[in-house]
């Protein structure tokens, strides 16, 4: 109780704690008019597994009825051939969800399916709404009953309460009442909707497979099923696919374009096109610019694998220093990994990484990482490299300092935990115990993306986590309300069969 | 499709197929102000396991927050000590649910918990509403989203939509909009409600344990936790237990009393008091009257175990014939039992029963059963007894012929499947291949109950499944709608972690 | 360490603690030349589920190769249709095992299968060897490696080490080296052996099904698959079934016949023939004799269900008192049942039983039980009946006082825990708080069996647990060694996939 | 049947099919006198996860008793904190096992533990015996019963049958009867043995942790627990660690040294020292020599990730061509991955790999792979790169052509399936549809290793899989016998709880 009060007094505008409120960092797929649609939706979700490993779900349609299955865990663990076979029909949507601490319940798994006056509908969402709590509260006042703790559920209630006489109008009515970041795929018996919010925070692409259509967060989900990339869904565009064909609607007022630049830094797969550009090439170019901006005399360049490997390669190319893999990353870390007891725990980071003494011993090394959040992992890696004999350690970060919360679907710690928000570069250098540290400039990031052909991103990225310029603000009472929600989450007990 | 049409043409007033629509034949428990309330609710549910084995759930309250856990299966399989410990607090309600083929999903498990404008509430229901679909449809029209396929959920939506400014008024407002059979226990942070519908179809008792209160469907749930039986909740009574004490309200218009007489015939445990009378003694007395009404010359009396054992004992007492256990029933039949392949299946009923030749060989036997639905099981048992050498077989049924559907929470096959609704006694005798057959008269049943002291049941039982006199009718469109629901159920896939 | 030493000093001749050493109280089935043999073996094991619920296993043969599957738990839980289908062939043996505390491991599950010089063989055993440790120790000295902690494994090593040039001779050579109680079914590619030890402690019957043969511990396993009872395997008889026909061998020296009389008292199903007599009728007759021997003035007779129901019926017949079911037994008690915490535990026995006040209130009741071991359960039941209002309680036991350990396969507590071994009747009456107590005389038990037609048991029963007259003694060092084994068991960790 | 005959006629000397006979490609760890030994053994096994993912097991010792737990799957999935806590004591050994199709049973999981005349012993084995079947057959003739289908079990039987009066002599007696490849760790109550076969096929290192000792296959298992690398166990050396200290014995006749060169090519982790040399540097050097030997004009160099990344880096350094990651590898492929149905399967390899068009489009690429077995994966990758737009594809293999079976513990397909054994370079080029193909020379491989400091490997590697020069031959009848065993495996049904 006193805790709640304290929140109200001190932190009214503070962003929701990322530990508790489940952000929607996810991958979505839509499949229309393709044989064994559920199997394709499964493979697409599998290709986008890096976007979320907490839960996975598929809803399919045989043109009339919707079949659903979802479970906790990775795509390949949730589904069996039998389950896939039961998901009949030529249309399907899938979802995989990012794992955050706390409210990790099966009933929060997407796609959500619901019945309304107009029939049955299913919905998968990537993003985060900035007025979810406000809308939820007012719906609850009107007597709506919520079954999940995810923001996505408000969309379904808005659709259900619409007085429109068809699904398309009801969906438009619903989404014009929500704000924030949302890429959506929505399935009814015979119609598939694909929608990006007006700012276009999160990606969504359209592809072609035989006579059918595929929608996905990233093109790697098209590649795995041999679908051809057609184009990006535009910010504010609602694509409607029916047996009669494809329609494109723009139901929103025009607004600024704000593509999430963090997708290039870390989130997307390097083999994907995101916002029309190759993630690999963009990341490589940012590494080159990082070397231009912050070169240093050294013997070799090495990444913190795997997410920084391409940027490190760019840095090595530009600087002329040899590229080496001085850190090995284990791919076997799973949910149930047993942390060693206190006494033997201080070797900590070796569970995930090991330094190769034969590479770094007596060497001056440039270590490339994509970003620094709390700094604790970087510090452990630096210590490990020192123990392996590195003579000098120069850390270079392939993005600008992360100093602000994200309201649009990336799970960034609260500013009070972000080392770049609370410390100067000199203090960070001291904390990490490195010989030097430099970040890529925000301008450098934008130039890095602009230098790569394709897309229209140059007209506008969201860089709020770096510069605090939020294109869409949180509603006044979002933060507090979501903190109350976290209290709610704490007394849930996970339900199972 | 054609099936649906046929339903519409021929069966608009036909009851929903019992195979698909999950009837609420269940056991409920409420615990207020008792240490380790969840543990007591667990034991109460365990004692009432015979009332439902499909799923089990508990919601507890620490005075402020509600904790929930539910799962598929029997009480003792669903809960672990760890789960029970997590269900904190001094108040709790529990539910166990009857297993019907079809829509057996975790999300249909009770108690249901929901958040409303007024706070969090949980609810466990025994019974069946006769206007659930009508209410649901109108709520859906208003934009309510339903998450389960159980009738109970309409109550939560009605509470949520109430404009009343406290839970008690909102609950009263909700229940005055529903019709049919319902015994309910409802839990908020610090209040427990126990409610019986105005007709009093299903039982609900009140007990005392130390300084606290226990509510349950049958007194056997009081016995297992050493609680003392106080009295029955009256038809139409709403008992409200708060930290300030116990209040009794009667929010309904007066109507007829219609206690389910089938509770005595089969459903309740013989060691319970139901509607104030000993089930054992009532069943014994009905067996005696059956012997009076339809005595026959024979060598011995034997029950179809276990539900008919007491009635058979009554028959034996009255007739003077020796009582024997000529059939053994296996208690190991479980969910996963493997039916033998077609070729070896015709020995069928031996999986559950075996006849003892040493008892029945060359004997004229009177076989007592509590009721006959389709007649298939009885036929198999008769065949088994013939093969074991019985010379004559006289079947006596300790209830009247079951000819009508039940709308109030007992899972009785549809009339078209009830042998007594479609065949004469002579035809049934021929079908069963017995030497004689007689049922207890309806008057005999009522006299049987009246002869036993206690309760006020004599003023009115529901005997609709025997005589078709329904105290509360189904809404016009209930049947059809619920048939549509069954189609819905068929394309559900069970969800799990 | 000190514990081990103490054992050696004080308890050299003491029987193994029944808590730890897994006794072979089990059910076995053999199927030869029947379609879907594994399915029949499964059903037979299912019918004999009461003989052991710890684990279940089947080995089948397609005439050449042996297929095996076994698991922990009840038959119906261990097997799936898919597993049964994988167990191919027209021959099969099955086993289900009694649950004892302690060494409950999957690798102890039977049938055991092993490869030897002569080919592959599988073996299922009901009984207990009295020289298992002696033989095991000498085999270990010779370099044999043991994989289980069950006595049965020594038989397989003896077969493997035999220099005989065929399976039949090797098996005979092996079994002539073991002593104690054993009914065995043994399967090779195309031969089925059924064998009873020379004293005939445990039952084994032979049946006919179409052109094939069925062997089982009890006839209820024949009934369930519609097989016809042919005869008992005789003590010391080895029946060999091959494609060429059935042979009967008697490889042992003649010795006394010692059929386990406890099978009638408690262990066998009432619908079985055991040692050629109806268990139902034998149990009924013993109840009658008990009434003759120890009649008492009372208002009613009631059993402790379910095992004493038939004896109570016999007592009621003979005494003329009315028979009633004053105790209800729950059939839902499972492995995972959560014992209530200490504070609410003293109502204890109500989990399994509940007294019916409506039956016993103000009544003088005769309570029939089959036997008393420690007396704790009886004491709780008596207390429960007193609380339910019984005026007088007279306990009558349908067997003689149990005072000695069993070395032949029944899990009887050690004499120090047997109340009849350590207390006089008067002391027991005081402990149980009953008004009177009487046991059936040993002579009465034997007369009870003799009065029933069939079998040859009258020539000799094993009554060692009642009178301490052991037909086959334990080897000198069996007890100590098995105590060491129990220490071994304690540091086992159950292995699983 | 006909299959068996064919095997006998054509393939008497052919190596066992690698599909069925479980080769011992594994990782082993030994921990002596370290707190929470099981936890350290767990972490060591976790670091060596790449050496085997089929099963994992640990045996610990508290100085007297041995505790065992093993399960199917990866280390992090098999063990829970509770299981680790149950594995008490300061000594432990662990094992993880390679996954081969077929005989994947829990009972084949290591370490194996057995009791013998001398006490309890546990054993973990990396390698493959060349006379396992011969020894097993002769032990079976003597009456030994085998419980697993792994070659390791013969060692335990040889120990058990030894007449020596202490474990050290019994172990020496046993291992002098076996031939082939074996690195072993063996644990009794208070003694740990670490042993390498006389040829030294498989690696085994010794490390120091506080006052205790660690043994492991690779140094990465030392790194993860902060243990210090001391030295390699020498070929033919038996290290004995007791409470009194460390002894080194050389019980074998002197023979040639034959270290498995394939450990450098593929099997070991790049951050390990193996045979005293850095795997990273050796692999890098081999890549450089490959470029020297088989340079080609091109635009970029890229690896088939992850195993070829270091060699590709070496090739890029030497050739001056830019290094790129043109293929992305998914790390989420698990056991239960659902293969798409036939119709959509031909995109096959994309499940595991995806080509990045932005990297390879219109480029002449050099693709580095560590080795080619059947060629099917390489062919799919080539097709994928072509579809992504690569103009020229030059494949360079960082090892010599693999043409022969391995009898020493590496799971290499049989020669009839090895493309280099059955096709010329030109034919392979045609099959793969590449522009050119070259292998590293055998001499280049050996020079690559020799150029790296440390170790004594230069005196002798096993290169049998490349040149067919087997240091230790298979026994005459090994191959045939193991083929019979595979038939045995086929009618096993996996057993579980």
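Note that the chains are named A, B, C and D in the order they appear, and that numbering of residues resets to 1 at the start of each chain.
As a convention for this text, contacts are C-beta pairs under 8 Å (C-beta built on N, C-alpha and C of every residue); 3 or more make two chains touch, one makes a residue touch a chain.
All values derive from a computational prediction rather than experimental measurement.
Novice: Could you figure out which pair among C-D, B-C or A-B mirrors the A-D interface, over half of its contact pairs being identical by residue number?
Specialist: B-C
Novice: Let me have the rounded angstrom distance from the C-alpha centre of chain A over to the C-alpha centre of chain B, please.
Specialist: Distance between chain centres, rounded to whole Å: 49 Å.
Novice: With chain centres defined as C-alpha means, what is the inter-centre distance between chain B and chain C in Å?
Specialist: Chain B and chain C have C-alpha centres separated by 37 Å.
Novice: Measuring centre to centre with CA averages, how many angstrom lie between chain B and chain D?
Specialist: 61
Novice: Mark out which residues of chain A touch at least two other chains, giving numbers and ranges.
Specialist: none
Novice: Can you tell me, using the touch rule above, whether these chains form a line, ring, star, complete graph or other shape?
Specialist: Shape of the chain contacts: a ring, since each chain touches exactly two and the loop closes.
Novice: In the complex formed with chain B, which residues of chain A make contact?
Specialist: Result: residues 65-73, 83, 86-87, 106-107, 114-117, 140-147, 156-157, 160-162, 488, 491-497 of chain A touch chain B.
Novice: What residues of chain B sit close enough to touch chain C in their complex?
Specialist: Chain B reaches chain C through residues 35-36, 39-40, 42-43, 46-47, 49, 74-77, 79-81, 84, 220, 223-226, 269-271, 273, 278, 280-281, 309-310, 313, 317, 322-325, 328, 330-334, 336-338, 340-341, 343-344, 347, 350-351, 354-359.
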